[in-house]
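Structure in structure tokens, see below.
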């Protein structure tokens, strides 16, 4: 049984891509993981202060890696992190049993837990959602679980009533929360202190204003463009420096302004993998490399928005990396 | 390279479930395929006159079978059918490379082709859709492909412009078309005679009125409740018996009236697997057995609509099975 | 009590715009109806063979005319038509009582009936929809009613169960049906011969193949680009000339291909007024004139699609106007 | 030219219903406004401390009042308020010119300004939205305008880029903002101090945590169930009493929990008028009376949720009315 508790989930949970070899866009390619860059990136994130590493969600290409690649990459990350911070690895598949099988293998590799979204060929209704998380945690109780709540990928936001039921599962310690929306407070009420709700880094300050005790951690995909600002934000919030935290929050909002095509999360979701990898490559902190099929193409106009966001994030990282060094 | 052409796709393409053992709802179950019933069912369909067998799409639980089960089931069906009619097997996964790997194994088992939907963690845009089908058919050219166009499962109907491009791929011989909607004629124009558009059996007569030369085949999930009426419909259409065909079409529409919860295809899609299996079990022609996790639960009210539909289809089958015997 | 029956609704029901003066885009303009062109256009349609004139729906600017203009325009059309064919005039408002008040005034002008959509500030549920049509027909029983079923403007397609209840209202004689979709046959079953279902002219042949007795009339907005082809289509269908009718249906489909921005009815609906008026002006059969505020602007790319459609329709009209002259 | 500035918009802007006579549900009823109750209610709100009165939006039945009733009601409210606080009256119609005509009459009655949503027969795109507000304010510059941003009624949330353009219109002083969603901060950035963004009372505290200088006013429909808690919330926020304000915010969230059917704003919008009036009648502070056609019926289950919410709000009012007396 996992010993991780919601209270253990703290600080900046960085989400990293799965660095790809040059041929990764080729459907005939067999081992497309750039293990050297993967190890270097995971180490860099930890060295630069993040509090956990999350992998193989959406832009981490949990969908498009083969299981052999996925498992090998998880091993590389676990080894590189070397116990300094927790490591959560994706195990979303099309069904409960495949997820359990993968979870067992990941447990054997020493991951801390799973970043786990629901099967999505058909939408999971409330019962299926609860059943899924319960079945997986019953089968692999030694792993903690971060619920991955992505309303587009997994077909509907998890509603408060389901959060309430998931909160009864001890292994479910956190939820990677989507963009701040109208049911945030109801979700927070529903889980109490039994699930750590994780906002994205640019919403963190704002949710902290509402619930400073609860809001002690965030997820950050942009950490893969350099985590220094997120780490500084963490420290300012911990110090109760509201004005300082707000200043960083505003920089994050500025940096993300060009990232969502036409301001639409729906549209973004069609190009989620591509846009995140383009942004990361532009920022230069991690070499994400080409996208794996079939999520390869991306309209130029959207790609340029991602690159601009990457440049802004790189500037932001440099600013605070300097300050902190 | 497959020798199957669009013109070879004719008559009733029956979609069968993957009959399940009694413990199939248990996430710890390992081999949940009832092979004896699978063989019996495939043989019964062929004996009763269907022109092809399709498996492991949505209600065939392509999502929730393990690959070991899926492959073993495909072998059982191929063996039971024994070359009497073509067999198309599902190979939809979360990405191109996994689909290719599965397609290769299925080719080795002697299937005729694939019933193939798109990866659906993120939506595939037009480019990704074309790329996906092209990559798979390039890698496994010996298999014919029936495009599985399900706007909910695979996140958006395939638009005419994409159909036009898919029609350039020789191995793409047919499309399992969704419920008749406003772009049907544009889709038909787009593919010409290079892709056989397959309506559901209850729409068949209506599309045949529009394009009798093109509309020489249908898909039928209800064939798993007994195929006699669909087979008779085929023969009446072939004979140009419009009034006789319309009479059967109306019976199918009557039988389906209670099947879609609140008349909604969107809502149906959340319970697609459960409702189809409940309906098939009620009809009694095939023992579909329990659903595999996580798509297990279903509101009672919707289940009762499915059972009523199953009873109507069983009556319809008996009526024409008698006539034809 | 109206003496119009569903059986009286036959042939081509042309929808005409409300021709506008040059200053009609100015919110300070007071009387923006070009009455001379309105009279000329109504007369031309009747002379050229249409079987009814419908006004002041969506592109007829039922929303953006003042009631003084609307009423004066109705009088002009009634006078120009002079009893040769029925005239149906829009009376959609934000509520039941305003609609009844308008309907009474229109009855006094001698219109045959109403082209009537539902209030749309809030969506009408099933009860509100039935209540609305019942209240209006109870209050003004001397007018026939064509239900205007526009799923975007009036927030949701009228479902079969509501059609069944509307069919019990004797004054409801027809329904301006939206683009052919999956519930067409269920709607037709629901109304039987008590409501005449009116397809758009380009769907008419296709629905006639399904139900030749029922499909004896269509609505046609494109008639305002010249009605000759629609009138010819009517005659071919009446003569049972399926091949000849199909040929015209295909021409209509060709002509409409550039009309719907990105093939989307949803997107079209945002620019419905503008695109229809641009198309009509390009075709040159009626001078529709500028749009009334606030529906004035339109992206150039969409406007060009409308103009191309107008040119195609003008060609089509000329072709059959010549044939028929 | 109005002298009202965004800075003048402060405190609790109470939205009141249009109290109805007993026959108001009858489509033959002519004058359905209960003027005595209207005057009493407006006076009670002002006496009990609200800072402005808003009328004839959605639940104020701006859609279903005749203009004669609407205008007479506005006069009654203006007279009852007697200049003690500003009065904003609805003037949403189906088009620009009707709105301008109504605005002129309302200006003559002495209203402070308009509560103004967009025409909604067809959706207004960005250009049409800006054009609409500009045309109305150009024509009736003596009235201030509160933009009514209701994404269901007026077909889409106003995006940040449009808020930016509306902020350039001096008469546009405030926006009745929908439920707190992901673009709140972008909207706030877009308008700066040129438009006062008004959250609903139960979101007020939360938005105040983010932007205390900007968040000096709220709208409150629940004030019509008794305004004492909202007024107390205002005073606590003004005093910087964060903990005290949060306590009231939580009570408001508790009171609203049963109000939205199945937690859905979309579903609520179909029954907005009915549910608000049922809630107000249950609370007993104002006699809202029957709904006007066609928005009359409401499923029992949803009505009961509204009544429960009304009881909770009545308790909340009593609690603070006592404290404040």
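Just so it is clear, A, B, C and D label the chains in written order, and each chain counts residues from 1 on its own.
One rule holds for everything that comes next: contacts are C-beta pairs under 8 Å (C-beta built on N, C-alpha and C of every residue); 3 or more make two chains touch, one makes a residue touch a chain.
Please read all numbers here as calculations on a predicted model, not as lab measurements.
Under the contact definition stated at the top, no chain borders both chain B and chain C.
Annotation: 36 Å between the Cα-based centres of chain A and chain B.
Between the CA-based centres of chain A and chain C the separation comes to 52 Å, rounded to the whole angstrom. As a whole-number value, the distance joining the C-alpha centres of chain A and chain D reads 39 Å. The set of chain A residues touching two or more other chains is empty. Taken as a graph of touching chains, this assembly is arranged as a ring, one closed cycle with exactly two partners per chain. Pairs of chains in mutual contact: A-B, A-D, B-C, C-D.
On the chain C side of its complex with chain B, the touching residues are 159-160, 179-183, 185-186, 206, 209-210, 253, 263, 265.
Touching chain B in their complex are the following residues of chain A: 27-29, 58, 62-66, 92-98, 100-101, 118-125, 127-129, 131-132, 135-136, 138-139, 152-153, 269-273, 292-297.
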